[in-house]
Structure formats: structure tokens, C-alpha cells
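Once you scroll down, you'll see the structures, which are given as C-alpha cells.
You will see two complexes here that share chain A, one where it goes with chain B and one where it goes with chain C.
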Partner chain A sequence: MTNDAESKPSRALALLRPLTRWLTPAVLIEIGVIALLFMIGFVISENFRTVDNVVNIFEQTTGLAFVALGQTVIILSGGIDLSLDANIALTSSLLSGVVNGRAELAAPMIAAVLTIGLTIGIVNGALILVLRVHPLIVTLAVAAIVQGITLLYTLMPIGGMPDGFDMLAFGRVFGIPIGAAFSVFCFAVVAFVLAYLRPGRQIFALGGEPAAARLVGVPVRRVILFVYGLSGLLASLTGIYLVSRLGVGNPTGDTNYNLASITPVVLGGTPLTGGRGGVLGTLLGVWLVQTLNNVLNFLDISTFYQWMIQGLIIIAAVSIFIDKRRRAA
Partner chain B sequence: MSGTWRTGMLSVTAISKSFPGVKSLQDVDFTAASGEIHALVGENGAGKSTLIKIISGAYVPDQGEIELDGRKVAWTSPREAQGAGIHVIYQELVLFPELTVAENVFINDQPLTRFGIIDHRLMESRADDALRRLGARIDVRRRVRELTVADQQMVEIARALVGSVKVLILDEPTAVISGREVDLLFDRLVALRTAGVAIIYISHRLEEIFRIADQVTVLKDGVRVATRPVKEVNRDQLISLMVGRALSDVFPPRRPLRNDAPILLRAEGISVGTRVKNVSLTLRAGEIVGLAGLVGSGRTELVQAIFGGVPFDAGKVEIEGTVFTRTSPRSSIDAGVGLLTEDRKGEGLLMHLGVAANIVAPRLGEIARGPFIDLGAENKIGADEIARFSIAASGPQALVASLSGGSQQKLLFSRWVRACRRVLLLDEPTRGVDVGAKVEIYRIIRQLADAGFAILMISSELLEIVGMCDRTLVMCEGAITGELTGPAITEEAIMTLALPV
Partner chain C sequence: MSTAASATPRFRAPGAGAFIERNGLFVFCLVLTIGAALFAPGFRSPNNLQNVLTNAAPLGVVVLGQCLVILVRGFDLSVASVMATAAVIATSFDETTNWSVVSILAVSLLMALVVGSVNGYLVTRRKVSPFLATLAMMIVLQGVRFAWTKGAASGRVPELIRVVGSQAVYGIPINLLLLLVLALIVGITLQRTTFGRKVYMVGGNPRAAELIGINVERVTFSCYVLSSALAAVGGLVLVGYVGSVDNWVGRGYELNSIIATVMGGVSLAGGRGTVFGALVGAFVLTEIFNIALLLGFPVQFQWVVKGVVILLAVAVYLVGQRSR
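The block that comes next holds the complex of A and B.
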């Protein structure tokens, strides 16, 4: 049945296999669409085809990149996180409000809001485990509570950060935006965990067939707490980034990341049913969305249309990558 | 074959149907004649369900023709087939528990008053008529939820009657009802036959076929292997036709009981809600123990509770001397117990992962250094197991979704044989696999027992229990009602213990 090459597979080949698997149809389509958008941009505007604009696009992906990464991991595990905007509202408001320009408080408060973000995520996971209610409901309810706490703290953007804090958002090393580069680094770390480490395998197993995963001894609780904790942590990173970018936190929760974080996941070929897909598609999805917004800006298309386009993209992506067998059933 | 019989009311000719990767039916002819009960038998996966789904309009055949009363038909939906008088009673009844009997009988075409409002009075009297014609006394205003399963079955048959039934198809109707109810059902089927209905009867229980059927058609691996008058065949011939080989070649020889062998697993006083009531059992090294009983008798819940898939309310499990007052899949796997679940797709395979990843899943820790999975080692294990269990896969990284049912099942065997050290719990281990794979699985099970494993095997196929097991426990309504050993394990003895008194 098996030949020698298969029964004695080369170790190096086995290690590389997860990499080759990443070049899925969805990923290739994304690369094609990004290339197309660039071509359109090049044609329509002189200002688009500057190095500066391209670096700007990259820079502006940062905030979405963190939340989309967390959302990907959660969706892979079979869940969803709709508490991102509330998380960002609380962590960003607390950061600028408490620091209020005092440089010595910046580092401890960054640590504090990261911990708060992580805690919101873990609370999400714990409630999902204890109540056995759909994550959609649990995370929305937690979001409502967190948003309420935020608005009790402040109704308006308050405080501010010390000088130089904006370098997280605008700083560049050798011309490369620091924040965006860090987001790519985070994607690489998570990609590595998913491909090579036990928690990664367990996330795929749980998302694909929850009952089977439990019966082969996957530590379900640990995995759930891990993915929601990670998502909460990454959302607070986006909160910190926004403070760096805007100089102040935004308590209103209108950052629209709950939906926006799902778009790149679905574009990247990770179905909402979980168990399949990966983070490379999401990263490209983030870049695609940002490039599209940039092109639309150059075309002078109103942000209202951009909203509609975002909704249309999700619907289109979901219908392209829908599970054919499920649809037939 | 059917030339000597009356002109068929329904006949299908040269029907073929494929699903991605599977040839489900090939060139099948079948005739159901008015006033005749035609039994359809075959193992799981032989194509019986596909055939009735084609006859009843749920599937469109790839090739072949359907004729009803001599006219060629081509259903585009089950509703269309129902309109023409073809009705199916599935084992899983299609009823709406919160609606009344009458509402269920007229679920599609309620009689209307001239104002277009549902005419409840007419509906109820017509439903009542239909049930009376079946000899069933059921209040048509009751909610279906309150009825026994046997009465619910009658409601479904009544639904067919009000729609002027020509062909009535019953898919394992006796799997969910008890002895006296079976007698009543058969009386009613005979009455319908006399009234000229063509009845297609699917059952695993061969004795039922000899009791009521006139004709029998045997399917095997999607091909019709025989159609005979029931009078002209005997039981052993029928079994040989179904499995495609002499009975003695199917099952490995049984071993003598070994009462001195060490006890590997002991369950004491296990209760799970009302579904498992105070059950105790022991499994010894080297023996294959059957667990028989009707669907819903608590067999699956019992093994799930022992393994830790569902929590038990009372009792304890002892595995090689270690006592567990609660179990979890993790603790059972670590103690050397494996569970092959009945639901291969939902509770068994990790469909989106590869063959190797599926095999190593329960003992992922063994090929990990810290958090790192040794993908090279995983691949090697995958390749070895593919060869050892002759799994038809393109390689260790092949997705399990691409494997045939038989290979998927062998993969799960490989997983659990590797993962578990002493005790293997099998829930319907041959469901949905073809005969060739079945014989291989039987051989594997016997080899494992000979290697010192203790094996507990649930099966709904009595033939399998009789052929494979050294000892058999029979469950009924959550309790163990008896134990049979060696030659005392017969289909009749099992059924007597399995049916509620």
C-alpha cells in the first residue's frame, strides 16, 4: 500500500507541510484582489502610487490587525467574540484618563489595561463554559457590562498621553511603521502556535468537531479560556494603539471592530463554523480591506458607501466560501 | 424474477446513484406490486435507504427509470411523490409533537372551509376515520407528544392513508416498538396489503421477513443480488446473500470463556438519570463481551458514562484496580481505556485534520516535547498505521473527509488501539462499512482480544453479536436484563431479553 517515501517521510518535509497548506484558494484570491486594487489605485491617482501612501496603508492596518487576529483564533475554535468594541472603549479610556499626561504612569497603566483586556476575555470564556450559552450572547452581554462600566467612568474622551507616546502608531524604524510591524510579528507567533504547538492543534480539533475533540481528551476548558483570553488581550492592544494614534481614549464603543474584525477572517477563508482556515488569510484580509478603503478615499467615495461596501464584502465572502455540502443539505 | 407476479404498481429499472466518492446504487431493478409485501434487506450501507429515497422523491437518480402504474415518472420532490401515493414511514418519525393527532395527519393538505379557513371538524373526523381503518383507537385531539411510539407510528401511517396511498414504505418500523406492538403493526400491514397497497418493508430482523413478507430483495454494496419469493429461501441463504460469503467465513472462531483471566474493568452500580439504572459489569482480559438491546435501551449512555463522555450520577468504575468515582475522557485514556463512538462523524473523526493527526489525537502528549508537536514522528506513526490497518489513504496528511466509510472506521480503530492499553469500548463498530471492511474489523477485534484486550461491543446487528461475542449482556430500558454465554447467545434469546415485558 505505502511506498518507501511515504513510510519514511523526511522530517524536514513534514515540518514544512503546514507552510505549503497556507497557500489556500482564499489566500491566492486575496493576493489577486490586492494586486488588482493596487492597479486601480495606480491608474486613478498619482498620490496613490507613492511609497508614502503604501506605507500609510500598512500603518493604518494596525488597529484592525490585532482584533482580527484574536477573532480568527476564536472562530477557528468554533466561537465568536463580540465584546471587542467594549473592550477597546474601556481599555483606551482608562489608559489616557488615568495617565493624564504623566509619563511615569504610562508603563504601569499599559500593563494594567493589557491585564484588564485579558481578564475581559477570560471572563467571556469562563461564562461560556459555565453557562453553556452561545458565545454570541455571552460576549454581547459582557460587552454591555463593560461598556456600562466605561461610561460610568467617563462619557467623553479624557486625559492624554505623555509626549512621544504617539510613536507606537506613527513611529518608524528604517521607514517601517513600528505598530504595524508588531502586528505582523503577532500574526507570525500565532501562526507558529497554530501549526506547531499542542494548543494550536487542540483549537482546530475543538472548532471542527467539538464532541469528538472532547472524547479524545482535548482539554476543552483550557482551550476556550486561552482563545478568549488571547482575543481580549489583543483587543486591549488595539485600544492602546488607538490612544497612541488619537492621543486619547474613546469611551463610546463606536469603533465598529466587532463586525470589521470578522470581515478579514471570512475573506481569508476561515469559515464561521470553525475548525478550518488560518491567520495568513486574515492578515491578507486586513490589508485588502485597508487597501480598498484607501482606494475608495482616492475615488472620493463617501464613508457611508464604505459602510455598505463592508457589509457587501462580508456577504460576498461568506457566500463564496460557504460549505457546499452544508448548503446542499 | 418477478415475471410470475402481478404487474407492478411501482417499478424501478436500472437505477444508479453516486455520491462524491461513493457508488451508492448500481443498476438496480425493483418492483413493488399491489397487494404484496416486499421486503428489502441488506447490511448497513448496502443502498437500501438510497433506493427508498429515490422511490420517494428525496433523491434524483443519476440513471434509470421509475414507473408508477405503468407510467414513467420523475419526481422532483418528496411532496410530488406523496401526491402520487408514495409514502415513507421512517424509523425516526416525522411528527410535530406539540400539534394534535389530527393536525399531524393533515400536516400538508388541511381541508378548508369555503372561507379558506382550516376546517377542524372535517379534519378531525377524517383523521379519526383513517385511524379507525387502521384499527387504532387514538383521540385525534391529543397532542402527539403524549402518545406511545407505536401510536405515533399509526399517526404517520394514517397520514399516508388520507392521501390515498398506493405504495407504503416502512424503514425499520419495529426498531422502536416492543413485541405486542409489533404484532399489532403486522396485523395492520396485512390489512393494508389486502386492501391492495404495495408495501415495501425494510428490516434487519430476518424473522420478521419470514413472518409477513411475500417477496424479498437483497441489496449488497449497492447492487441487487437477488429477488425471491420468501417461501423459496431460508434464513442462512438470506444471510449469505447479504454478506456475500458463507457464514463461516465472516466471523473468526469464538474462544472458550476464561473466567480466570484478570478483570481489567469493573463498573458498579452505574446510573445515568433515568436512562441507565444501577448497572454493573466486569470485563476480563481476552474476552469479547457483547452489549445488546434496542435503540434507546441505554447501551450508548452506559459506555459513555464508563468512559467519561457523560457524567454518571451514581456508581464507580474500577480500571485495573484503580477506582474512579467520576470519569473523564482524559482520565480514561490515561488509564488505558478507549471508546469508539457510534457517531463516527460527530463524535469520532476530526474531519478537518489529517489521518496522522487523527490517529495521535488521544495521546498527543507522547509525540510532543513540551508544547512542541513532533510533526516528523506524527507522520511516521501515521504512515505505519496506514500500513498496519490497510487504510486506503493517499498518505499520513490526507484529510479524513476523503476516506471511505470503511477506511474511516479502520482509522478510528487504529487511533484507539494505539491509544488504549487494555480496554476497548466499541459502540456499533461496523455501522455503515461495507462487508469487506466488516470482516477485517471482526478479525481486528478478535486479534485484540487474543492480545489480552478486554472488549465491550455494542451492536444492533444481532448477527454480529451472535457471531462475535464470547459473552453477551442484554439491556432493556436502562437495566441489564440478562447475560448469555457461548452457544446460549442466539438472536431469539437476545430479543426475549431486549423487549420490555
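The block that comes next holds the complex of A and C.
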């Protein structure tokens, strides 16, 4: 009898365990803040209250979502990638520049651009392994080279895409934006890999305790190449999305994704030291940032104050809840 | 990283590694300079050399501060924002008398004190990673600056700041002299005072430093404040050279100063390296830009050259460190 009584709640707990693993304090706080922002939005503006606007917010998360996902995986492994803007500059300008309105070139160029993005990432990883220098320095140096190549190719946005290419950004299936839905799909795939497959475990191991990870036989080279390659690939996806959204690539590299991609990661409770955290927090972080921007726009607050608020939010996020968890750990 | 290095021992002539470690960047700098003097048209001209030195001075001033912060295992991404804010302050005083420079300097240093204190507080007391703390400060300060200037900074740079930033006496740029004085002060402080020793100890092994009674938090905090103060001075020097102000004075200096410091042999792991090395890093970086321009490459090509040379310099320099 007693056995039975004890096992029932424990079995229920066992079923809940995966859920509790996902619902970290950071994730709960993010959900709370997003809910709060929505309430504020509902109060201040009738236009905020439309389904259209909510779908719009979702749609606008796409670009940031891809790069933030890549950045999360890299930060989990203990590194950082500051070559995202350069990667986006090269891939987006090449795509619109080469295709130049010719529909038959669109598909092969997308494949080519994805390969280029992947290659930039792998070069990052390889150089980090060969030079054994801090990823910050390596990815910045690679970024400088890639940015230079981009500007040698073109100084101005050039070319264009065939009609219908904006489907990727603006297209809807049953009212759901295609690009944004695909970004959520990517998050789901990476979340699955991180939680259940060997490469995922190895990424956490390497980020958590590099020396120990080496000793237990984590293939460090493969993991590093994998995470940087993934980040490069995802950055080129953002490049493609931006071309689809704006109709043309942006060679200047001032898209500011290098630093913007770090905000959602940190909001999601993944510390820069690596080894802890996850992608769900990042996804919610991306939504939080975009909802906040949307609400601030409705409040008619200028970009200048939006910057201040964004900075203060980063400070609040890292100095309040991450600090507590670090003390607890 | 070090475990991997020790796990794969390599054969090397004794002393070669140590020699490169101690002199890698100087050798690199020398080779670069001689190569440029031989092959780059116009590099040798006194005018150009003076130009390189004038250009390197603002970066050098910022590098001094960056070096301090990196020595205590941090880095400071807010320096460029501090520079631009100091530049905006410099042009916000209407009087054109030289006395306004005193108030400019005072207000700039006060601003730097606030920024550095917040950075230091976040890093030491709230245990925020330096990357995020200084990044957030950079963004906040950027917002404050744009709100203050309503997006378009304007105004005259006072004469004295212009003279210091761009003139030369007996062929030696004044801003270079200023840099040398500041470098001497920082260098002597690091090598010859207890505070300097504490900085190296805190960077080398914070736990041990704590155990022997060093106030780790206070030392780290001081380094962030000093970094911001030096960045403010660097901003004033730079705006004096440029001669006009906008909201992005000093853009790129945050990363360039980190790159120069690391190229100069100051380890991002903290506790190793000298101000002298970091300054050589700053000069090499400036020289590289200059050479790329002189060789007639399109301006865009500077980016490529910069990336390649950073990788090259870091690779050459770190060969020595790894062989130990």
C-alpha cells in the first residue's frame, strides 16, 4: 500500500521531469516579461491588439532567431562568434548581386550562399583550433577579411531577386509566416540534438569543463568545427532572409547582429562561460526583444531611448538572475 | 588550452621559443617597418612617419587602459562609446577660450568615472562577465549620447585640443608626447608600485591574491575606472586630430584596442604582458593600415589586410608561448 502511494507521485514527477528541465527560472521570467509586455501593449494601443500585429512581431523575429540560435550553441561550447555581420554582408550581397533578377539562378545561388556561410564558420573553427587563440580575436579577424572581400565585390547594395522571392519572409501558410515558422523548426531540431544526441552532450561537456571533456575523450576538434560551422550556416540563413525581406543584400555589415545575437542568449539564462543553458531560453529571448521593440514603437519612444532600455535590460538580466544562480551553483 | 599544449610536446631548439615569446612582435614590427621602407612608396618620408605616429597616439592612449583591464582578466568594450561621449562633451562648451578645456577635461573625466564605476561595480560585485557589462554600458552610453545631441552632434573643437591632437613640435607630434607621458606613468605604476604588483597578481591568480590579503574587487574596480578615464583622454585627443565631431568618433577603437593589446602579448587569460608590448601592438596595427593605404590597395582592402595580419601576428607571437 505504502509502496503504491509513494510510487504514484514519483511516477507523475518522472513524467514531469523533462518539463522541469526546460522550465528554468530564466525561461519562466522571460514568459512573465513577455506576458507583461503584451498587457502593456494591449492597454496602450488598439493597433497592438490586432492579430496582424502579433503575427508581424513573430515574423520580424526571423532574422535575429537564426543568428541567436547559432550564437547559443557556440556560447554553450564556451566560445563566441563575432563574424556574423560580415557573414551576412557577404552572403546577402552575393545572393542578390549574382542572381540579379534571374529566377533560374535563385536556387543554385541559395545553395552556394549556404555553402559559403558554412565555410566561413568552419574556417573560424579551424583557425581557433590551429592558432589556439581566443575565439573573440579569431572571429574578428575572419570577420575583417570577409567584410573586406564583400566590399571589394560591391560597395553598394546591388542586384535583386526574382518576383515571389519575398515569399520566404512575407509568405503565410494558414496565417503563419513561413520564415519564422522555419526558424522555430530549426530551434526544435537543435534543441533535440542538444538534449538527446551525442554531439549535444559533447557541446555541453566541452563548454562546462574543457579539460575534463578532453580527458573523457570528447572529440574537441569535431565539436568546435561543428558549432562554428552551424553558426556560419545559420548566419547565411539570416542573410537569405534579409534579402527576401528587403529585396537586396546589404554589403556594409552594419546589421548589428554580432552584439544583438548575444542579448537573447543572455536573457535566456545561458551564461557566457558556457556549459549551461539552452536554446528555449534564447528563442523566448528573441521574442522578448522583438515584442519590446514593438511596444516601444507603439509608445513612440525614439531609437535613442530604445538603446538605453536595451542596455539596461541586459544589465538587469545578467546582474539579477544569473548572478543568483551562480551563487547557488 | 594549456592542457592541449602540454599533451602534445614538440621538439624545439632550446631558447628559441623563449626568444620569440619575448621578441616576436618587435621582430615582426621591425620586419614590417623595413619591408615598408623598401617597398611602399612614400613610407619613408618624414611626413608619413609623423602621420603614422599621430594616428597611433589616440589608439595608444586607449590601449593603455585596455591593457590594465585585460591584465585583470577582463576587457572593456565601452571605450569607443566613452571616446565619442568625451568628443561630444568637448564640443558642447561654447566658449572658445583655452580655459574651457579645463572644464571639458573635468566633465569628461567625471563621465568616465561614472562609466568606469558602473563597469567595475557590475564586474566585481554583481559578477557579470566583462563582455556583457561593458557591452551594455556601451549601448546605454550610446543612447544617452544620441538623446543629448538629438542624433546630430555638432560644435567647434576648442583650439587647444586641436593643437594637442594634430600639431607637432620639432617634428614630434604633441599627442605622441602626451601618450609617452601617460605610458610612462602607467608603466611605472605597473612595474614599480604595490598597486602594479597587485594588478598582476589579481590577473594571474585571483584566488591566491585574495588569500594573501589583496582586495581583488578594489583592484579590478580601479582598472575599469582607469580604462574609462584613459578612453576619455583618448577621445579628446582623437577629436582634436579629426577636428570635427559626430556621434561615432572612435568607432572601431574598442575592438582595435583589444586586438592591439593582445597582439602586444597581453594574455586574455590575465596577469601576463606589459604596457610596452601593448603599445607596440598599437603602433603595428596603425602601421599596417598605413602600409595598406600606401601600397595603393582600395580602401576596402584594408579590411582584408587587417584580418590577415592579426592572424599572422597572433600566430607568430603565440608560437613562443605555446612551446613552453
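One rule holds in what follows: the second predicted complex is superposed on the first by the 300 of 329 C-alpha atoms of A that agree within 3 Å, B and C clash if a C-alpha of one lies under 4 Å from a C-alpha of the other, contacts with A are read in each partner's own complex, and residues count from 1 in each chain.
In this text, a contact is a pair of C-beta atoms (placed from the backbone, for glycine too) under 8 Å apart; a residue touches a chain by one contact, two chains touch by 3 or more.
Quick caveat: nothing in here was measured; it's all calculated off a predicted structure.
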Partner chain in contact with A:Gly275 - chain B first, chain C second, else both or neither: first
Partner chain(s) touched by A:Leu284 [first = chain B, second = chain C, both, neither]: neither
Chain B versus chain C as contact partner of A:Ala169, first or second or both or neither: neither
Partner chain(s) touched by A:Ile137 [first = chain B, second = chain C, both, neither]: second
Winner by number of chain A residues touched, once chain B and chain C are compared: C
Touching partner for A:Val223 - first (chain B), second (chain C), both, neither: neither
Chain B versus chain C as contact partner of A:Arg214, first or second or both or neither: both
Touched partner set for A:Val98, first chain B, second chain C, both or neither: neither
Chain B and chain C contact sites that coincide on chain A, given as residue numbers: 211, 214
Of all residues in chain B, those that touch chain A in their complex: 307, 309, 329-330, 333-334, 339, 341, 343, 345-353, 357, 361-362, 364-365, 368, 371-373, 375-376, 378-380, 383-384, 386-387, 390, 392, 395-397, 415, 419
Chain A residues within the chain B interface of the complex: 1-2, 6-9, 11, 14-15, 17-18, 196-199, 201-202, 204-205, 208-209, 211-219, 275-276
Complex contact set, residues of chain A against chain C: 80, 127, 131-134, 136-138, 140-149, 151-152, 155, 210-211, 214, 220, 259, 262, 266, 271-273, 302-312, 314-315, 318-319, 322-323, 326
Residue numbers on chain C that touch chain A, as the complex places them: 1, 3-5, 7, 122, 126-129, 131-133, 135-144, 146-147, 151, 255, 258-259, 262, 268, 298, 300-308, 310-311, 314-315, 318, 322
